[in-house]
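Got some structures for you, see below.
Heads up, the next two complexes both have chain A, just with different partners, chain B and then chain C.
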Partner chain A sequence: MTTFEAPRVEVVENALEPGSSTQPRRRVKRRTINTVIWFVVLLAFTAIVLYPLLWLFLSTFKPSSEFAQNPGLIPENPTFDNYTKVVEGIAGTPLWRFFANSFFIAIMAVVGTVLSSALAAYAFARIKFRGVGVLFAAMIGTLLLPFHVIIIPQYVLFNKLELVDTYWPLILPKFLATEAFFVFLIVQFIRNIPRDMDEAARIDGAGHIRIFFSIILPLIKPALITSAIFTFIWTWNDFLGPLLYINSPEKYPLPIALRLYNDATSTSDYGATAAVSFLALVPILIFFIVFQRFLVAGVATQGLKG
Partner chain B sequence: MSTETESIVTASAGSRSVRRELRQVRRAEGGKIPSTAGRRAAVRRETAAGYGFLVPWLIGFLGLTVGPMVFSLYLAFTKYNLFTEPEWIGLDNFVRMFTEDPNYIQSVQITLVYVLVGTPIKLAAALGIAMLLNYRDRGSGFFRSSFYAPSLIGASVSVAIVWRAMFSNDGPVDNSLSFFGIDLGGWVGNVQLVIPMMILLAVWQFGAPMVIFLAGLKQIPQELYEAAEVDGAGPWHKFRNVTIPMLSSVIFFNLLLELINAFQVFASAYIISNGSGGPAGMTNFYTLYLYKRGFADLQMGYASAMAWVLVIAVAIIAFILFKTQKSWVHYAGENR
Partner chain C sequence: MFNIRKRRMAAAAAAIAASAALVLTGCSGGSGGEEAAATYDPDEKVTLNLAFWGNDVRAALYDEAIAAFNEEYPNITVNSSFLGFPEFWEKRQTEAAGGGLPDVMQFDYSYLRQYSENGLLLDLEPYLGNIIDTEPLAENILQIGVVDGETTGIPTSTNAWGLFTNPKLLEQVGVEEFEGGDWQDYSDWMAEVSEAGGGALWGGTDYTGRIQNFEIQQRAKGEDLFTEDGEPNFTEKDLAAFWEQGEDVRANTIPQQRLEEIYPVSGFDAALTTSELTWDNFGAGYLGNLGEGYTELGLVAPPVTEEGAKDLYLKPSMLHSIASTTKHPEAAATLVNFLVNSPEAGAIFGTNRGLPASKTMLEGAELDPLGQQISDYEDSIADRLGDAPPVPIVGYGSLEEKFRQLGQELGFGTLTVDEAVEQFFNEMDVVLNQ
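Let's look at the complex of A and B:
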């Protein structure tokens, strides 16, 4: 009887397996083999997908002269020279300066986006007023709008305001909730919060400002964190914005500084370019490793409710 | 513990009864003038609160989106170089675009190839890997994160630099292919290979749509597969008749998003070609060409016209997708 008990559990587990009417023992074996194959195939894919990053990392230890002869992963004459060299910077600006500039822009963008998006999302999700439907539809419309149609007039505008070569054109739009993606993300999140709490607060005489700050804001923390991380990463990577607006090398954020390396040294100094490229990715990779749970959840919910 | 819950229960019950009372009071007063005025005041208060919360968004929406759109629509019919006043030239920009500018036509062609070839491959990869990940739960979190990472950094300058180095002559890709007897040389300077190289860079970022597919796959009820199996369906039939229809709304969403994103590829093309769009204009993607016309040549009228053609193209694609979705997209709870 006991010999019957164990396989029966397997039958239940394997109800979905093709050919589950064959002998149980063989099935267990086959399941194990399938899992091993599954694991190996995915491991192979992972190796391919992560290869460029690994290659970049290990290449930062190759002397520049080695790049032409050794396209492989492992440096033949590993050295830290690339790093000591790039710390000096380029165009008379030390490397840390580009990092500081990027951090400043990204952090201001995070603060602006989270604040303004949360305010707008609350209005869209919780306040009933004339025009809310139309405005919400307009906001969704901007999600699909190719932003290239507004870069020229925006440039003309900021040029008229004499704000070119300052960080204002990069930061100000973030404080005005121009990233509809995040407004939408937070709206979806607020809609999932039961209304009982704010209605109770309402009867106690709380206004929208009180409800927003003391009830909604603490509850939407996960959505705010997701928005903050995405904003940080997108701003950190943004190339077109600073390319248009920032002219002085000492104000360059990393992507533009990287272009300098790429243009000036790509024919001679691969090592330095590789080292700066890698260093520029480090903050994002750290963010990713620490916050991947929020990122993946953010992407998934956005997709299914869209 | 129990007293606490009790007090919460009574509190909420209390608030509920208060609400009921309020409603009764309101109903009792219904029709009388003071209550209508009161309600009107409440509506006014809500409207004020609504627009109050929306102030930052409204300023941004009107000042940085709608206003600029209107202005760029105007610029599209002008000659404008940023320093002198725009000069009205009617449809000249559009006529020039389609009849006198071979660079523009080439830019449209390579962008279309990139979008229409790259996006389906990227989505197929995303769906394939998502299904693979969905097969077992153990360890799939690690794989999911690894596959997602390129989506976050794919548009960065760093990755474009890496890509260029990887596909250069005697670089890692050339080297490994030579090992198999395929000698293609560098992809970067090769007119035929540079678009495939850009497409590979896009496909490499399959992680974001993959995560969305995976979330969709997890919501398909297992009973449907069991029922299909009882009917004798093989793996292909299960994929064709269960997975695809059940996932169609997610496919639709990914397709729309990825198509629109693909049209806007910029940084990688800029870095890989050093801003030139070369070799022979083969990386002169639409937005790169727009940037060069607008900000290098200061032909801002022409660039605005280009931007509006892009908006219209994207709108048409979105329109077609939304129109055709009735025939192939099934939403949960709908009768099929």
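Let's look at the complex of A and C:
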């Protein structure tokens, strides 16, 4: 927060600075020009960044056959057919089912990751148990392990457990604090919380569980929200995990379902692909807009000491 | 839908067990049970996993086919799963390593050798001629699925290399349909169209970017691209000579830059070119992408390299294979037989999986005009059809892609022919010595 306050103080000082009447006016003018330039530059960048999204949105109104002939922005023969077709779903599974599957997986993953990472982080940050250093290093080490290394062993494991074609392989690891990145994030967060608070609680007779839920958990909320947002977005967009573990089409989450509209070996339905891609973006867009300020707050406080 | 079927199957099994299956036996008929009785217990309850690639249209057809299969074999529950082509193989690679391949798979020719050599696919030999009817399948078609003496795949359907043309566009520019001839004639014909098109329409795409065109030119000399042992069977000189044809061709065809703009559709899809050399099952896709204004395509034989040579061949558009880890090989073979040979499957799939390879399946299929056109086309090139080349080497897919990329670079003029040849041989070296 201090970083945000500092410039504001300066601004106030500048405005109140006494002196000749021409000086502040010139300064104001320069600032206006600067602001205008900034806005123009930023708008240009925003336009570039948003163009693909806009193209996607407008393309959802193009009939499939138009994609080949008209790569431009504006559809020649706008139609709602893509949406009506997409809502019907694929091979007897309606679209809402894919959305529901994605939501289920994403929400379970968020709950699992936040809960288990916070618990693991508390243990690493506050409890002195045997081998804490080695285990912490091992956990950080898993960050360096490329996902592709563990795909096959993990598949063998879940296959032997006969959990393939269920959501367990996608959700269970999240409840076991396997996302080292978030554990690390929260550990750092907890380390910055003064130990005096824990000690005060301990004197009052609280154990680890009480300290965790009553003292630590409310204080690490920004870190939890950051973890939750990232987990939601990553899980929502995850393609490889569901691809490997889910067999039944009615259990597919959205990213897999999206690809079914676009088959290179026969006719690709580009219109439907665009429409369903756009629909799949909407929840994550809303999610991001709603939680964006928490995300910034969570990351910003991360860098501050004390 | 899948749930309903599962529930129906569970109900059917329960009903049979309770000997109160009057209605069910009525609709399933006795014949199916008797056929299966020769090889395994028809009342044994079996669940099979079936995986295929395709879109929702094909998925609906498979659903229908499985329902028809279940009328004959109510004891076999089939759980189907489908994905797009690249995802399908990504998933299979992991399953292959982890021992979880589905019992029955729609299979691709380019992966057949790799999976067979690693012992992942069941040798179908014991089932040929009994569970799997070989009568309707021609010998040269059965041979396609043989790797190192083991039959690991049965082709569902065949494709041949062909030349698609767009009659509507040709009429617009007032050029006659390509009448056949050698590669020079084809190039001249494309030049004529491009000239008449005046920079908005071209006669075709540079054919030297496709490895198949190189292949049929080599086959005209009596040489496949790779030997039976998977060794390359062509020299730097052969390849350089082929790519040098491109310099002339590119002047008369659609510019590479224009192709990049419309990617992933091709110039032919976008109604910018009047011809394209490709597999003959691409017609439906072309018509779909061309849109409603186009209802028919021309399909003629590719240019002749050498008169009387057997340069063309039938390729399986897909095969059916069984995983070696399956617990129910007989049931799986029964399903494969149904999907490959039955007239019911023919009636349901039509030409969705390509032109049916099996005579009985072809008889059951009601061909749409395009399907009929492909069938007629494959008949018309009968005297140019030779034996299929050996099953593609491991990594053929990546070589095909490299060939296409180098063709692009040549199109842009960023590589000389000699450099491209060198790069291709380097890549081949890497692929072959993996």
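Criterion: the second predicted complex is superposed on the first by the 252 of 306 C-alpha atoms of A that agree within 3 Å, B and C clash if a C-alpha of one lies under 4 Å from a C-alpha of the other, contacts with A are read in each partner's own complex, and residues count from 1 in each chain.
In this text, a contact is a pair of C-beta atoms (placed from the backbone, for glycine too) under 8 Å apart; a residue touches a chain by one contact, two chains touch by 3 or more.
Since the model is a prediction, treat every value here as computed from it, not as a measurement.
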**Report entry** Superposition on chain A - do chain B and chain C clash or fit
**Finding:** clash
Requested in this report: Return first, second, both or neither, reflecting whether A:Val296 touches chain B, chain C, both chains, or no partner chain.
Outcome: first
Report task. Go through the superposed model and pick first if A:Pro71 touches only chain B, second if only chain C, both, or neither. Result -> both
Query raised in the report: What is the contact status of A:Pro194 with respect to chain B (first) and chain C (second): first, second, both, or neither?
Result: neither
Report task. Look at A:Ile90 in the shared chain and tell me whether it touches chain B only, chain C only, both, or neither; answer first, second, both or neither. Result -> second
Query raised in the report: So, A:Pro218: does it touch chain B (first), chain C (second), both, or neither?
Result: neither
Requested in this report: Would you sort A:Gly205 into first (chain B), second (chain C), both or neither based on which partner it touches?
Outcome: neither
Report task. Could you look at A:Phe45 and tell me whether it touches chain B, chain C, both or neither (first, second, both, neither)? Result -> first
Query raised in the report: Of chain B and chain C, which one touches more residues of chain A?
Result: B
Query raised in the report: After superposition on the shared chain, which partner residues are touched by A:Val164: those of chain B (first), chain C (second), both, or neither?
Result: second
Query raised in the report: Is A:Leu244 touching the first partner chain B, the second partner chain C, both, or neither of them?
Result: both
Report summary line: Dual-contact residues of chain A, meaning touching chain B and chain C, are 67-68, 71, 151-152, 155-156, 159, 240, 243-244, 259, 262-263, 266
Report task. Using the touch definition up top, name the residues of chain A that touch chain B in the complex. Result -> 15-16, 18, 35, 38-39, 41-42, 45-46, 49-53, 55-56, 59, 67-68, 71-72, 115-116, 119-120, 122-124, 127-130, 132, 135, 138-139, 142, 144-157, 159, 173, 175-178, 183, 196, 199-200, 203-204, 207-208, 212, 233, 236-237, 239-240, 243-244, 254-255, 258-259, 262-263, 266, 270, 273-274, 277-278, 280-281, 284-285, 288, 292, 295-296, 299-304, 306
Query - Complex contacts: residues of chain A adjacent to chain C - result: 63-69, 71, 90-93, 151-152, 155-156, 159, 164, 240, 243-244, 247-250, 256, 259-269
Report summary line: Given the complex, residues on chain C that touch chain A span 1-3, 49, 51, 53-60, 63, 79-87, 90-91, 94-95, 97-100, 102, 261-262, 264-265, 269-271, 284-285, 288-292, 352
Query raised in the report: Given the complex with chain A, which residues does chain B contribute to the contact?
Result: 11-12, 15, 18-19, 22, 43, 46-47, 49-61, 63-65, 67-69, 71-72, 75, 82, 129, 132-133, 135-136, 139, 143-150, 152-153, 155-159, 161-166, 170-172, 174-175, 204, 208-209, 211-212, 214-216, 219, 222, 225-226, 229, 234-235, 250, 253-254, 256, 260, 263-264, 266-267, 270-271, 274, 287, 290-291, 294-295, 300, 303-304, 307-308, 310-311, 314, 318
